[in-house]
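In what follows, structures are represented as structure tokens.
The two complexes that follow have chain A in common; it is paired with chain B in the first and with chain C in the second.
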Partner chain A sequence: MADFQEQQTPQAGFFQRVSELIPFDWELIRHASAEPVPYHIKKWWFCLGGTVLYLFVIQVATGIALTFYYVPSPDQAYESVAQITQDVRFGWYIRSLHKWAANCMIVAMFLHMLRVYFTGAYRHPRQLNWCIGFLLLGITLTFGFTGYSLVYEQLSFWGATVGANLAEAVPLIGPTIAYFLRGGPEVGENTLTRFYVLHIGLLPTLAFGLVFLHILLIRLHGVTELEFEGKEVPEKERHFRFWPDHATTELLIGVLLMYLLTIMALVFPAGLGEPANPTQTPEHIKPEWYFYFNFRLLKLTSLRVSVVFTMALGGICFLWPFIEQWLSRKFKVPDRVWVMLGVLAFLGFLVLTVWESFVQ
Partner chain B sequence: MEIRGLGMDLKGKSSRRDWLAAVAMGVGLAVSYGVFALEGLLFLLPRQIKVRTRNLFAGKISQIQVGGVRQLFDLEGNAILLRRKAEREFQAFSSTCPHLGCKVHWEEEEQRYFCPCHRGVFDSDGVAVSGPPADGGQNLTQIPLEVDEDAGVVYIEVKDATRRRS
Partner chain C sequence: MDLTVKRYIVAALSFLFLVSLLLVAYQESRRLRVERKLEPVVTALNKGCVDCHRTDSPALVMEWEHSQHAAYGVGCVDCHSANQGEVDAWLHEGEYVSALVTPLDCANCHEKEYREFSQSHHAKAGEILASLDNVLAEKAAGMPGNNADSVNGCWQCHGSIIRFERDEDGKTITSGKENRPVIDSDTWPNSGIGRLNPDGSKGSCHACHSRHAFEAKLSRSPENCGKCHMGPDHPQIEIYNESKHGIAFYANRDRMALDTQGDWVLGRDYSAAPTCATCHISSYMTPNGQYTANSHDVGERISWTLRPVISTLLNSVIYQDGFKEDYPHTRELPEIGDTIETIEKVVENEELVSRTVPRQVARIVTWEERRQVMKGACLNCHSDTYVDNFYQQFDDLVILYNEKFARPAKAIMDDLLADGVLNPNAPFEHHVQWVYFELWHHEGRRARHGASMMGPDYTHWHGMYEVSKHFYQEFLPAVVEVARTKGAAMGRKYEQRVEELLAQEEHQWVKGLSDQEAEELRQMYQQRYNE
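Up next, the complex of A and B:
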């Protein structure tokens, strides 16, 4: 007892006492937040990853708010969304924010990916972070798919039906995945609760873990240093401080994003179509725009071909840094070939997406 | 003092006994956690309950014209399309598209079943003729039926969830 009291010096400040309760090397935090940031990050297109993260935080906040009113059961889901939109105070605003932040998040993610690709930031030693990023893209698209289905209007119901059945065509494990997603041999009353659990439980957990790894790897490798032709920057101006300079910029971008989302919510508030009718498919169905690419493929080829093609494409994209490295070494391919390939791949995606958006 | 870890001592030397112990431990742990994982997985896949079928009254023969199609529902609420093919010949199809599960409907003028999702077309016999179902060779699922000519009625065979198969 006497020993214990001797250790407590009256001069020890509040911070000292706290750090005794949590025996952690606080210098580490100071060190971690003092990361020097290369000057090119001052250009907005290098902040797209941060934009995605900011939008993800908005999704978490508005998403938690929405779960206070949403009821994940087939006979009440649509009604509860209608209630959120029409009766709950600021319900239309929270729901519209959630919708538009989701769309912006996917746009920002695609742009972030393009930026990383065309600046070669995925190359050695940062290959793994590209793979993690690609998994995050997959998770985000699944977020979009499951979230849209929860609205339980005609279009979203049939989108969910098609999507869940689509899994069936995956070779070998497809039937089990489809069975798991639907909660039975057909889309039924289990399906909605499953999509809900994925949307608010499983996917966020995975996303949090992968985002942590993604940022950890960025921090460990440091941000890619770039040289711009014809721009001589004195050594002193090559970097600026993460804290407080870059953090302030990010916070400002955050406010700007909130303004943008609020304008979107005001001008194009999230609407509500006809309630889901499991006995009748509407004459024209369409998924969300980020699945147009796949929807077009489904119309162009047979089910098996389009699913296997999409999976192969996904696999190649996922492992691209390693595939490119291997090809470059083996065949001495010049860099401009990879740039052209990236342009072609993106144009292909764009053409199928735009094509689908113009036809019924 | 000798401290021994799994499979080897601290100097990195291992004896056969250590190695066997490590293998046994590894296998034991893998099996134990594997069983937990398997149980978790099975929990997530709902049991498929086998049910008996029964005949459901689908209508009087006289109610459907030759070449006409009538939509009715099974006991689970799934739409079934009953077609009178000829004077004494009937066909029943599940309205669920074999491609991705949308609902097909009968188009009288074109004499075809049509799925609006990906523009799948089936002829009057339920055979896929164009669109993705034709590419994949997926025809409409035929539902067994029974025509009772004496009574002048048609029955279709449907699943009855209230009658579990033991």
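Up next, the complex of A and C:
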């Protein structure tokens, strides 16, 4: 009789057999997914980290699709992008999604960092996760830079040239980095291949590793518990389950993002400028918008000063949780000073960005 | 600081971030519009034309595809459409069209430019029938039944009166199965800037904005103006090429941003050199921001007229309906609000006629104000002292020409007419009349234009040198010669007149330099050339 019942419910038997094939502690997964999530995470602006992750997944999926058609060779790259845009079925949509998801990812990342900074979520014991997050920002910007160059249109080609020149101005190791990026003393045939390998090989590997570490640390530390004054929350409502409650929220945000990206792709499809011409410098060279602040600094100072300044700024941001901790202990700096500093720093970034956009 | 405040800070910064991104996107899209060539848009209305003409006249279609018009979907029918019954219209593949595109057609979209152009000297360039130039082309160089010199020469710059072939009853003759009206071949093709069109409009936008690409860089380039503003009587392009401005332009053409869409602003879009368009009609930066120019009224900033026998400063009288007249400074200015009987030239029955129109004065712009607008462009590169001193040098040259040569020569010519030596109906009967004409119309203009645009060689060797040489060696002897044709007494009268003139201080040098001056001259040649 028992045998008969088992035959009547083949599914149970199927999962049983699969779990026997993979001798994993499935209870651990159940435990991990049942992590209690603080109530404030129900507010969408605390989900920006998840938004970045969702956009990253879109980038991986659309990126792989584009790789089937893209040819990383100077004499065919532009043509292959044109083919993707004009001939390949849904090619324009995939390319537009890739472009807009990249931009949205950087925007979401900045917003995520703003939230983390102003809520002090990077403080002890979560300093390391801020550092990892900052490395992920650097990797994402490098993704943007290398990806833009792969289009091999006139502006992106010359953007890559300027980028390599910027790298060259890094003290001590600059010339070596620039030589490595260009694949020679000048931007040439090897440059595109190197950018391609970085874009689809090295950077994704690093990104996967760091994202894994980032999430692992969140899980190990748990999400920062935040108290909103004047809002007493009963004990039983202070947490909710990751699965399925929070996962459903993230899924909903994912669907909304797909709507947004599809509308962007429809209304502003990724275009294509003039093909790259290494012999003719365009009248105006501009990088992508997220490098405008740096480009403005460069014009206001000099190549070397702007690069050193940006590196110093990047170093300070990277180590900020430790620097802030040290300064707070030594000088008894009140919290509002760090808030004001954050506001000023971000406003400075915005001013330089908008300023550069208004300069021809 | 509690979390709620921080939440507001994050929200405010996020909002500012969004605003910044939108500003960047707006600027980016503007920039990309300029840098990226837009694809031609063939609307359903124009598809038929493009499909056929791509085979019939492929280069024409390619040029149109290259234009901004094409990028915005403005095509063949939008400019060439006509109404049934118009003299130049015929039914072509289901649409009434005309080969003639007049400023009124362009005004459908470019109304401001049309209005500014219609007030300008350029629009009146076709009103040259009552001029000595026209007499020379039609009479001296032409013959009855063959006006080819005017047709191929004068009219190609000044513009023709567009006429149609007509039968004995005055009806237009048509040709082909579509009954296309036949335009008098003497009057079209013609892209003269003052062309007199059948719809009453004056001008041809094509004169500066060559079809069918209509590139801004073309109309901003000095060569474009040089098609007409050149030669012995007004060599502006040669003078420009000789000037520091011209040299800077040709060396730095790649930095002139000639392709800039919309306003092309000196001090914002480019700085390397001024072109004709820069000084006469373009926008420029000032310490108070951008001065946006009246971009199609070319004479607006001109303070001297350098064309007549004797130059005068020019005030402008602008009437309520926008009609504009230059008033030489020697002519009394009306008051604002006065009604003046103005003379306007219009085409009636394919002939140019004058008509008197009472108009009320709305505004007066003095020559000083006109000059001030021109100086604004100069001040982008030069100091005010530099610019003021340049104008002083220029003014002095014009006054020198006026007082030493033009005024005495004109007085003599007027007297020859009054004494009956010259026939007022025969402007080119005698040698003296030809010499006098070239003295002011060719050499005198070259000198004045040379000084106005900083062309030293044109000011002196092609200008004042020729004026003085011909004044002394050709004009004055020719005056006596023509006077003698009316008898010995008349001859003696003008001999004496010439003697009196040469006795004036500025002409005494002809009889000899001072001993010191002559010695210095000899020594210089001795030292320098061992002569």
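Here, the second predicted complex is superposed on the first by the 340 of 360 C-alpha atoms of A that agree within 3 Å, B and C clash if a C-alpha of one lies under 4 Å from a C-alpha of the other, contacts with A are read in each partner's own complex, and residues count from 1 in each chain.
The rule is short, and it goes like this: a contact is a pair of C-beta atoms (placed from the backbone, for glycine too) under 8 Å apart; a residue touches a chain by one contact, two chains touch by 3 or more.
Owing to the predicted nature of the structure, the values given are computational and were not obtained by experimental measurement.
Participant: Is A:Phe24 contacted by the first partner chain B, the second partner chain C, both or neither?
Facilitator: neither
Participant: Pick one for A:Glu274: touches chain B only (first), chain C only (second), both, or neither.
Facilitator: The second partner, chain C, only.
Participant: Determine, under the contact definition given at the top, whether A:Val339 touches first (chain B), second (chain C), both, or neither.
Facilitator: second
Participant: In the superposed arrangement, does A:Phe208 touch chain B (first), chain C (second), both or neither?
Facilitator: A:Phe208: touches no partner chain.
Participant: Is A:Ser302 contacted by the first partner chain B, the second partner chain C, both or neither?
Facilitator: first
Participant: Could you look at A:His284 and tell me whether it touches chain B, chain C, both or neither (first, second, both, neither)?
Facilitator: So A:His284 meets both chain B and chain C here.
Participant: Report for A:Asn190: first if it touches chain B alone, second if chain C alone, otherwise both or neither.
Facilitator: first
Participant: After the superposition on A, what does A:Val354 contact: first (chain B), second (chain C), both or neither?
Facilitator: second
Participant: Would you mind listing the overlap between the chain B footprint and the chain C footprint on chain A?
Facilitator: Correct list for chain A: 282-284.
Participant: Which of the residues in chain B come into contact with chain A in the complex?
Facilitator: Per the touch definition, chain B meets chain A at residues 44-46, 48, 73, 77-79, 95-96, 99-105, 115-119, 131-132, 135-136, 138.
Participant: Using the touch rule from the top, collect the residues of chain A that touch chain B in their complex.
Facilitator: On the chain A side, the touching residues are 158, 161-162, 164-166, 176, 179-180, 183-187, 190, 278-285, 298-299, 301-305.
Participant: What does chain C use to touch chain A in their complex?
Facilitator: Answer in residue numbers: 1-4, 6-7, 9-11, 13-14, 16-17, 20-21, 23-25, 27-28, 31-32, 35-37, 257, 268-269.
Participant: Okay, in this complex, where on chain A does chain C touch?
Facilitator: Touching chain C: residues 45, 107, 110-111, 114-115, 118-119, 155, 226-230, 271, 273-274, 282-284, 286, 289, 292, 335-336, 339, 343, 346-347, 350, 353-354, 357-358, 360 of chain A.
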